[in-house]
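As written, the chain order gives the labels A, B and C, with residue 1 at the start of each chain.
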Amino acid sequence: MNKKTSIFGGVTIIALALMVLMPILLPSVTLATEILIFALAALACNLLLGYTGLLSFGQGIFFGGGAYSASLVMLHLNFGLISALITAILVGALLALIVGALAIRRTGIYFVMLTLSFSQMAYFLAYTFSDWTGGDNGLLDVPRPALTLFGMTISDLQSSEAFYIFVAAVFAIVFVFSRRVIHSPFGTTLVAIRENEGRSSAVGFSTNHFKLVAFVISGAITGLAGALYAMLLNFAPLSNVELLMSENILIMTIIGGTSSLIGSILGAGSIVLMGDLLSSIWPRWMMILGAVLIAVVLFLPGGLWGGILSLTSKFPWKKVKTNVTSEVTK
Amino acid sequence: MNSSYLLETSSLGLDYGAFSAVGNVDLKIRKGSIHTVIGPNGAGKTSLFHCLTGERKPTRGSIHFNGENLTSLAAHKRVSKGMSRSFQITSLFQNLSVRENLRIAAQGRDGLNALKFWVPETANKANVAKADEVLERIKLEKYADRQAGELSHGQQRVLEVGMALCGSPSLLLLDEPTSGMGVDDIPIMTGLISELGKDHTVMLIEHNMRLVMSISDRITVMHQGNILIEGSPEEVKGDEQVKKAYLGESGHE
Amino acid sequence: MNLYLFQVVNGIGLGMIYFLISVGLSIIFGLLNFVNFAHGAFYLLGAYLSYTAVSITGNYWLALIIAPLCIAFFAWVCERTLIKRVYHLPHMYQILVTLGVALIIQELCISIWGPIGKSISPPDSLKGVIAIGEFYYPQYRLFVIAFAAVVALLVWYLLDKTKFGALVRAGSEDAETVSLLGTHTHRLFSITFALGVGLAGLAGVLAAPIKGIHPFVGPEVLGIAFVVVVIGGMGSFTGALVGGLLVGIVQSVMSTLWPQGASLMIYAAMALVILVRPYGLFGRA
């Protein structure tokens, strides 16, 4: 496999095809935009869960942090589109650095509990400092600045189609970037840590450094997703940092399947669509989500992508299964 | 400090609470030798091994390697100093290919340089070459693309040693390399270790006496946390104290 | 001065409730190596069941007995039908399944009891205040402390002095031992799970007259239980007790000093403990 096909071929082509098809097939372009934004967040979560074996309930911290920081610099400092997004990336990375540095002091289930507790802490922080975050009301009137490059306005991004194209472009860049990360010395070391942390340390890796960098990359991408979400809604709600957001991102990642980045698009797509279709019919639709979660664990442990792979029998089912069950915190 | 020794411990000891697993050990491993540590169960071999690999911090004493004091250096940092270990209980990347197991093990030498996330994993040609070289040396070329978990137990034990070899160590620390191996596979391991002994210093813990006697240059016998005697295989074979130590153990059982 | 004393005593009451929640989580994890992310949801369900029991019978004492038993029974059914199927799976899947259970319970509660929340009043016999010299304190809150202390004593006795406790402790020390116990392991597992979850339900019932019942409180309760366990050390009875009291008192006292930051402080305390003692105050490495 040469390096071109490894990051631009294969699943990257499937991802591009999905990006083209979604706005055509879905009832609204906005819905497609929302799916891509959450696919970004799920993809970042997958880097931690699927590739490093770290189950983080802290993704909402980075998502909300990205949303708040981008909104604040746009509202108060008149930052433009690109600089606001870069701010969100940096803030997401910084928050992930802090949370990660504390959480990776423990492993396994303690790690999971720590990330969950930090997630709660972030919620109370946002709730307490309502001068900055708007508290319960959220930050209102978040602008969606025009896309300008080298002083030239390319698009004002006000139409939902234009914004979709912009988000899709961002997603494509992040997707290719993530493929590069996975197939790098760093990415292969992450997989080694997931597979066997003791051995990774014995062959010379300082595993905590690797976990921390994985956290930072994941936080940066999640922060970016949060900022795009705020621009989509023109609003940065408190629910961005709720535990439920972290849970949702995790659920998307796992339901989609953690053995491939494509899974993250499928997971985000199915959960966002489910929410959109069911919530209007039945406000208690989350009950169905709960049941789906249980069903996936019992009957489809490879997630949707694992299921598709086994259907097309591109890989024998057994192989997918063993790959997935190994990707876990012990 | 005598430069003909690669590794020297002085008064090394490890306590677990009131229990002294390693008492007061002066172990010297000569450059280029195959040096085996034997002893009845509970003699402190594994605890000594843990101190050498950095898994446990010794309670007292020091470890000098290549003239450098590494007594409290973290385990993962010892690889770049030239120390590499294998595990008694096979510890591989089960779902990765044999070649990838070896390449990642070789990548361990890069330390924090392996944090590079913007280049392909094969960018460091030296690691790829190292994996190929070790693959050939441990004679698993045929299985290069198999998942490590699919290998037979004997092959996994060989890969276990191979991964330690990928660190390009000057000292190979092998923890019971034949552990769990069938009688038919043991000669393969014996051959491999004595062949590695030609260009490495090897320190191993081992129970299989036939292997120990046939390949060791020096043997250290441990008993109740301390060194009972050290000598050539012939000297150890004839020693009365050694017989007593081993008989004493079976007498208790 | 009296105000702080008042808040400290409040904190002890809150802490005992946190203890009841966390000790269940801790026992279940110790024996089954299983993390119950539905623990907060069972607390919620316990509170709501007591509300219904009080509305129907008008008797709080009956509710105090019936609701936790119902929760324990429900937990037992859950364990037999669902939870036991995921023991052998990695933690990730256990978390997912219990998260699913938590979502279902929460949404079920909202469908039955509505999204607004409910309140129940303490029994008539405990409605007044008690005076100790200059110090006045609500009777019900004092009752909660005493009652929870008795339960804590019972749990301690059960774990430390009975055959059941010996089995649980043996299993927590070494999973191999459990498998050697033979055919009765599944019963031991079910009972432990039901007991641990039942305690969370009991905590919900005790807390309801003080804190009210809010349908979205589950994740918060779970978060606090995790803080307690991280501070105290997983699998430790003493850890759950000390951690629970510590968290309760800090939260209660802070609510006078800095009301908005009260919840924040307990998470900060947790971060501090991790930095200083990564394995918790009573945890083993």
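Simple rule for what comes next: a residue touches a chain if its C-beta (ideal position, glycine included) is under 8 Å from a C-beta of that chain, and two chains touch if they have at least 3 such contacts.
Treat the numbers as computed from the prediction; the structure is a model and nothing was measured.
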item	value
Common touching chains of chain C and chain A	none
Taking each chain's C-alpha mean as its centre, the one farthest from chain B	C
Computed distance of Cα centres, chain C from chain A, in Å	32
Inter-centroid spacing, chain C versus chain B (mean Cα positions, whole Å)	48
Distance between the centres, which are taken as Cα means, of chain B and chain A, whole angstrom	42
Chain A-facing residues of chain C, complex	29, 35, 82, 85-86, 89-93, 95-97, 99-104, 106-108, 110-111, 219-220, 222-223, 226-227, 229-230, 234, 260-261, 263-264, 267-268, 270-271, 274-275, 278
Residues of chain B defined as touching chain A within the complex	53, 74-77, 79-80, 84-85, 87, 91-96, 100, 103-105, 107-124, 149, 163, 166-167
Sites on chain A touched by chain C in the complex	49, 55, 102, 105-106, 108-110, 112-114, 116-121, 124-125, 127-128, 243-244, 247, 251, 254, 284, 286-287, 289-294, 296-298, 301, 325, 327-330
Parts of chain A lying in touch with chain B, wherever the complex brings them together	3, 6, 180-181, 183-189, 191-192, 195-196, 198-207, 209-210, 213, 217, 322-323, 326
